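In the two complexes that follow, chain A is the common piece, with chain B as its partner first and chain C second.
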Partner chain A sequence: MKHFITIVAILGIMTSCTQIPTSTSPVDAVPSIFPDYTDVVIPSNIAPLNFRIEEKGEKYVTVVTGRSEKVIITGSKVVIPKGKWEKLKRTGLIEVQVYIMDQNKSWHSYTPFTFTVSDEIDPYISYRIIPVAVESYQELSIKERNLTNFKENTIFSNTMVQTNENGTCINCHYYKNYTTDNMLFHVRHYKGGTVLVLDGQLHKVNMKTDSTLSAGVFPAWHPTHDYIALSNNRTHQSVHSASHDKLEVLDDISDLILYDIKNNAVSIIENDSCELENYPAWTPDGKKLYYVSYKYEGGYGEKRKNEMFLARKEFHFNLYSKSFDPDTRTWGPTKMEFDAAALDSSITWPRVSPDGKRLLACISTHGVFPLDQIVSDFIMFNLEDGSYRHVDELNSPFAESYHSWSSNGKWIMFSTRREDGVHTRLYFSHIDENGHFSKPFALPQEDPDFNREFLYAFNIPEFMKEPVHITPRQFASFISSTEATRSKYESKKGE
Partner chain B sequence: MNQKKENNKTSLIWYSRLILPVALWVILNLCSADFLLKVEERSHFEFDWFWFTGFLKEPSGLLSWLGLFFTQFLYLPWLGSLLWVLLLTASGELTVKIFKVPGYLSVLAYIPAFIFVVYNMSMGYMVYLMNHPGYFFMPVLGYLWALFTVVIIRKPHNPASSLIITIIIGFAGYYIAGFYALAALITACADSFRSDRSRLSRILILTAAAITIVLSPILMVSTTEYYIGTGWTLGLPDHVHTVPLLRMQGALILAMIVLLLISLLPHGELNGKKYIPIIIQCALLVGIIASTTILWYKDANFKTELRMIRAADNMKWEEVTRILEKASQSQDSDWQPTRVMVMLKDLALIKTGKDGDYAFSFSDGSCEQKRKWDVPMSIQIGHTLGFHYGIPGLCQRWCFETSTILGWKNIIFKYSAMTAILFNNTALSEKFLTKMDNTLFYRKWAKEQRKLVYDRSLMQKTAPYDLVLPLLCHEDRITSDLEGCETFIRRHFTGPSPVHSTPMYDRAALLFAMKSKDPTLFWTRFFLYLDSNNPKSIDRFYQEAAYLFSQQDNSDPLLKALPFDEQTKNLYKSFQNLAQRTGPKDLEEANRIFPANLRHTFFYYYYYVNNLKLF
Partner chain C sequence: MTVCENSSFHAFYNEKRGKNAIFGAISYMHARANIRYMTKVTTNKSIRLSEQLLKYIPILFAVILWCVLSFREQFFLKKVEDLSVFLFDKLFIMDSFKTPGGFLGLAGSFLTQFLFIPWLGALIWIALLLLSYYLTIRTLRIPERYRPIALIPVALLVIGNMSLGYGVFIMREQDHFFAPVLGYLAALIPLFAIKRTQTVASKLILLTIWTAIGFPLFGTFAFIGTLTAACTTFMDQEMLRSKRLTILAVSLALIIFIPLIAYSFYTSYRLVDSWHMGLPSISDDQWTFAIRTPFQLALLFLPVMAIASRRLKETDSKNIIFQTSVYVISATAVWGFWFKDDNFRTELAMSEAVDRFEWQEVVDFYRKAVDAHVKSDDKAYDDRTAKLKGVKDQDTRNSIIDSFSDRFFEPTRTMVLYRDLALLKMNRALDEAFTMKDGSRMQKSRTIIPMVWQSGKQFYLQYGLVNMCYRWCLEDVIEHNWSYSTLKYMVMHSVIMQEPELADKYINKLRKTLFYRKWARQQDALKSDREKMSAAEPYNSILPYMCFDNHMSNDMMKTETYLINHFLEKEPVSATPEYDRAALLFAMHIQDIPLFWERLFYYINSNNLKVLPRSVQEAALLYSTLEKDGRQLPLDDKVRESYNEFNRYVQNHPIRSMKESEYPYCQKFGKTFYYFYYFMRDLKTY
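Let's look at the complex of A and B:
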């Protein structure tokens, strides 16, 4: 595939040397292209932004120009050679001029658009590739993608462990401070446990204790000490009969726990039986933990779940925080940071920027699972002055959900269903010093039709400074051969 | 004279070789065309580079791709089956030729082909669970690859060349045909010991084959994402749901063992009496034909379901009920339909507006499908029911679940596209329609559907949307993701009434209220039905239900005074008399006692059709 595209690109260049149309009529619009890369800000180390021209035409000529570099590509599929691309990026501003010949053999020149080259981005990202089903899974994998080119590797796939009779689910990969020598992901069902990589060494633990609700779910690795905050969830799903939203997901119980890596011990952060605590997120100094919670005082027992589904639209999660002393592992009191309920809204997935100045979160009308809510958007808080705003420049008519800050805090990567409402794709955006995001752009793919052809979804995108050093086969043989070590329970300190 | 006898013998063999494939092709088309259509409908082939490259990522992917290429022609069962029969015939003929199978044993060379026939045609309900792309044609294609491998390895007599060729064809073959290539290497080794090649050459072939068989899967597994145990069987269907691996793979492995045995058969004709070869041939033929006939899946309900589903997918609603009617007429009085039949029949009656007069004139029940392994109704027809009952969320859900478990299929792309169109999601509609654009037989359908994407006003007068939109008047609801398809639909129609319902929706809701046997729910729906449908006369079964519920002790006197037909009253009286006189304790006994005119009433359904197993 790779070679085919390269050949096409080379042929395109070879055959187009003298083909820039000279007599053209101008079109007062930028051409429609997919993915929409028109007038975007891009990282200086990003792979080529290949695209397809969506306008109808008989012939196409695209001229990509830097200060002293020029690439001419023919055809509606615009594949920019990597070498040329690197030179183009060095110029800081790339201009793309598209010419299209119509049925009457007349050439039209569209308004040029630009790629503005900006700060570097972490060279690697990882994500889970999942089917869009509600309940079933066959093949799940955590992939690693080099952003500077198109190389994608598998970090781990469930097909390497599961057998014909015993399925294995994998989820929620996470890294300590963007490095891969300390990372984790969960393995559920067959050969289950949380796989921890600690200073490059593999471990498998079972964080479920007699005093806690479940094994760990959504993680947040402490930036300076050997702790991981995690949610505990008892999750249920319900299917919509006639809605753009496929699913309603809720936890009938959820808590927060702290995993002490050195002692393989779990302690409670929050487990108020009336509160549904979720989505922990540390500040960069590790002295505060943000999370979301909703107070539900309904009944218990069998009916609880059904009652909760019926009352789901009243579930408005607020943003809270707790101070934390990592040296003594003691917690301060709970503080409400944002009363989303007062706005008939629900806030989820808080993530603090690496400089600690901003917090980006999802906001929706109700509930705790933004991925399946078409109305889910981004909201950003200025942690210095307490102000907040809906991030309209990132939001789309479809769901925006999981997001991740780059290690330098200059880029945001997020999951969105903006392309077709069902298949989650990854988009990037640059944030300037005033906290404004640039127009989001899709993860570049070698084949620009990739996002349209690919029938799986991207999930849990995380930035990494480096590739994962452990091979998939090492993960597989470790997971297959190692029983999870049970964590012990420790009482909570502080308050 | 001797020459003439020899010619006769040869003719006999040749005739049987000719007659069998022709007979198979005729039988396939006369008896199993619906099954072949189902195989095609649950496969997908695209003339698309991106799609093709997806098959290059794993060993045996090319064989899968080729299998799917041929499977698409089952869209025209006569053509697809012809291709299949030709490939099967070629496999037999080439086996005879390559291994010089003596005339009196030549039928043996057809055994692998018949194993493939039995494997596919004994599948029955497993057709809904098959997840291996191209599985229908893959065995015969894999077998042909195996024959090709043997021929290639035979070619060089030089020991060094033999070694190199075996390794190259072994590793390349594994990438192309997976398991079949590894099996071919074993046969090639056996074959080499029967040839006149040197001892060194044989040892080198054996060594090269052993290295390839052991190493190629290990190397593949070490560089890809496969479970370590799956490397040697890539190319064979995987385990799915509760179907054991032996059922999925056993017969295909057996076919390759037979090939190995064929390669070891003695050369030369049988000495002795002349009629012995004929007897051997005939015995083998009879054995093959008998076992194929016995193992061929012939369940009548399965066939009826296939036809009903097809009619429903093609919106031939009258035909849906006609098929069921015909099927029930050919059965005993205690025959029960499967739940799939009942759900499709009710759907067809709602679509044609005949629910009130015909819904209970068919036998009801929950006859177990004749199958060994669980085939959830949702996997079988969840998409069809969800879409046509006007619950697009259910349709979309089961499209995605099915595609995840079993891979994308034409029928799933079709319903996914139609649901996206119903949801007015242009990008998603385009995504699925583009997939169908890339096919040979569905591009015209995709072109027609695309018109609706960009002009929604056409939906009101275009099937199937014209009969789905009236059922889509309900507000969005959520229902458990764990319950079966039928329960979901029942719960949907017995749930809160829509604010702006339609006559069709009210009739459907009334029908499901009657099925719930809940008088309160019935009366609510009954008056909604009267309001929206404003019938000149109340349909037969609605009247029966109303009369029955009005006769109950706690019923409102006003309801008792409703103007019921004399026929309804008389029927009820006859029913009660017979019921009190005979007192059948269950449905089976009632089926034997009650005459057809009383069996096909709501009264009968209310009293005797109980404890249905819903799916």
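Let's look at the complex of A and C:
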């Protein structure tokens, strides 16, 4: 025990004696760090932004300073203690000064960078962890992450249901108004069906009817009423034989449906045989539905898919909307909101901000699946004045894709392949009142090397105000033991 | 027995009986009695000697096993290693514990990496098997005369691994080679411990702790340990029956309820699979059952033996026949279930050489396989001829011929494609490919393993279809887990595509391995230096094939078909000589005459040849004759001569059925394109 106390004391003295280098030569640049957290705006409730210093050196000293707080960390891996981090954040502006000793034992001080503390963010997010793949799947899980710390839990994993021979795919989790008592995700193939949590109760439905193309795919939960808009898709994939883009994904047919939760009934929103409608998104008042569509007038039959792959570069999806009366479930006429084709572009994944003022979407040269296109970027529409702009402050040389607005509309979270071109990672950015985004920063991880080491991809990130209350075991037991209830078909109203 | 007169025998006798006995042995009767006794002693001596020798049989088996593994199955062991991975990496280690039996998986993967040096890996594995043998005897207190019984689970563990065959390509677990023997050893741990506890309470506490901790670490193997320890205690006659029953009942309850409780902490498997955790599996249920059976039987041996060993009495006499029988049965079973397919072995050898880009070795392995079967093919032909003698009915003849088909050597498509790839890389394909035996022997596998799992990424990378290579690396990871092999091919894909950030990801992983870190460092230097990369192996021989325009494609898991379509359907804007050589080779393989002429034209243009390779001349002559197009071809006289000879032979030896005539024609014209054209038809790929 004596020895232990002595060791602790020595360690304590050593730690407290960590000296900030006094004699240094300045370097007129911020240090290269991973993830790049230099000069970012961060939520007031975010977990510590740990990072690794990428500059070569013999020794490293990092000084993280708030108004009255100071943390000194040695080593190239900068892990900020949680308690100190909370105190630092309270100061509003955190400055990080990095000192590096080179081979000649000379210290260099780099230009400090800052973390600007801003609005709160929803405390939880969820995402699907998937292996990068083309057709196969084996282990898929929907995870929830507490943003205020590093705790990650599994919401559900397909390995809890599938057998050796019968695979189960899970995808497209979604929440009604950021709460988890009303949520859904799809289970495909073995024990398939859409798992709906309605006021905390589990249900499993099969939305495929004789009059619709497929079960529901990309969902958009109506904010005020018991409806869910979904796309119906028949999706195909093909491999680029020699390109930095690895994969091309397209639907040879797609429609939009509306699922009436109370009546377990499906009705058509759009199913023009020449249109490939996709990605429904409600406005916050639930009186308008945005979606994208492309008019394809090619033939049907066996060759359709191959012809479409050959003609893929001509697929320019435009942005449309339809008004909707939720009380009577009546649709208004279709309106083109943005003619992307005119710009030789294709627009996908429209999502409206919680204040209804902006719409953020992906834009690329062609096609419907931006994740697999290096050129995919963000475009933002001002719904008040109809203007739009490419969001250069978010875009990278690699693909930007699925994005989600925080419930207070102050943050967006998006998936991007900016780190290596293949593995999708989650980034956050703050939006100010003028609609400008701050420099994006990666989801903080306890180990700053995590994003580099992790060989899986993050997919479909969604904000949540609370954790999911149903346990994975409850989900597994329910999915395994319950047959999906078939939805009935209802005719469309309006227009 | 004549030896009784021997002086040494007398000396032995003297020593045993003492001098007084000799002095008293003066009468004839005494002499006879002594002779009988001496005979008995001699027999006992030889029995003792035999018993002494029998003791060393397990060691002898181990030595033989090591030799066979090191010198005959080295490529199988290398493949096991190649398809596994162990990383000195926090994420990898944490990931291992996401299912029960995580420690076993980790330890198994750790040891599997030593199969990189097959003799070393084999040595470690055999040492563990021997340890299992001796610890089984010790923990279960198996009487000396019954000790060979302990070889049975060891034999089952050997069978489990060495009967795997093509299953190695689709195994889900990276630890499958070492985990069973490690699990078996782990199952013996509670047996050691329980013997050192005295009270019922302490035994119960021990079993509870073991099962609760053992399940996350060793999976189902922990339950076997619990059950065996409980059975051992149950057979302890010194303990009250009620106490013994209590321990057994609690143990069974632990085995049932611990997984139910543990399931709340895991999200990676189904509850019903709790009692299989740690055992190997593949996506085919029946095959999984077959793979697991030897291991399960080995594990079942422990509780059964725990009960039985108490009934086995130690006696002075040792039953040599019994012991020998156990040894013989064990050895026979191991040999009987051992996967012994020459084509499989050749494929593995060729694959390993392809990974090292040792193209001449690839071809040598192919030739060796062909040459190794010359005598057996002759014998098969003679036997078949004898059986066909006098049989007139063609259907009967055909059925006899079919019954012999397995006795003739025929390569698999994977072997043929490896051979062609190697020859193309050495620019000898159009000279030599059709001089070697071709064929499409199906894998001797429970279910056909598509070529794409076995060798797809190798072919795709080497033929410049790097994205398809990458795609199948990704699919392989999902279906069969990470491996050194996939990581290496992912690195090569990223390096050749000059995607340094992506290359970094995989290079960093390989840097955390024991045997691939040097290779990873080499790739690191190439990842963003196009000039260096273009000059380095294997990229210098892949880049010439990457002369095609990007297009969308899907191989539908048919590698050979996809390669054919790739080379023959698309016409690159600026084809290289290497590309045109491959395209012509594939055109000749599919025996499509218009495509041959088309590709020949491109080939001649890009390769600037003065003399066409012999096989190409033969194909040109054959096709020209068949089409009667009257082409004026610049052919060697020898080619025309051989074609005329072929035609004369056909006239003199009419073909009754292709299958029947295949062998004699092969003997005479097996190295010509004519033979290939007429006899190598309907080759099936997979």
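Things to note:
Please note the rule applied: the second predicted complex is superposed on the first by the 478 of 495 C-alpha atoms of A that agree within 3 Å, B and C clash if a C-alpha of one lies under 4 Å from a C-alpha of the other, contacts with A are read in each partner's own complex, and residues count from 1 in each chain.
What we mean here is this: a residue touches a chain if its C-beta (ideal position, glycine included) is under 8 Å from a C-beta of that chain, and two chains touch if they have at least 3 such contacts.
None of the values given here were measured: they were computed from a predicted structure.
Superposition of the two structures on chain A leads chain B and chain C into a clash.
Touch criterion met: A:Val161 reaches chain B and chain C at once. Once the two complexes are laid over each other on the shared chain, residue contacts for A:Gly356 go to neither chain B nor chain C. Looking at the shared chain after the overlay, A:Ser241 reaches both chain B and chain C. Here chain C runs into chain B after the superposition, and of 1-9, 19-27 or 613-621 the stretch doing so is 613-621. In the superposition on chain A, the residues of chain A touched by chain B in one structure and by chain C in the other are 131-139, 141, 154, 157, 159-165, 237-244, 246-248, 309, 312, 419-423, 447, 450, 452-453, 455, 472-473, 476.
Residues 89-91, 263-264, 267-271, 281-285, 288, 464-468, 470-471, 474-475, 477-479, 482, 497, 499, 501-502, 504-505, 508-509, 546, 548-554, 566 of chain C touch chain A in their complex. Residues 48-51, 53, 56, 131, 222, 225-229, 238-239, 245, 390-394, 396-397, 400-401, 403-405, 408, 423, 425, 427-428, 430-431, 434, 472, 474-482, 488, 492 of chain B are the ones that touch chain A when the two sit in their complex. Every residue of chain A that touches chain B in the complex is listed here, in rising order: 1, 4, 131-139, 141, 154, 157, 159-165, 237-244, 246-248, 309, 312, 419-423, 447, 449-450, 452-453, 455, 472-473, 476. By the touch rule above, chain A contacts chain C in their complex via residues 131-139, 141, 154, 156-157, 159-165, 237-244, 246-248, 309-310, 312, 419-423, 447, 450, 452-455, 471-473, 476, 480.
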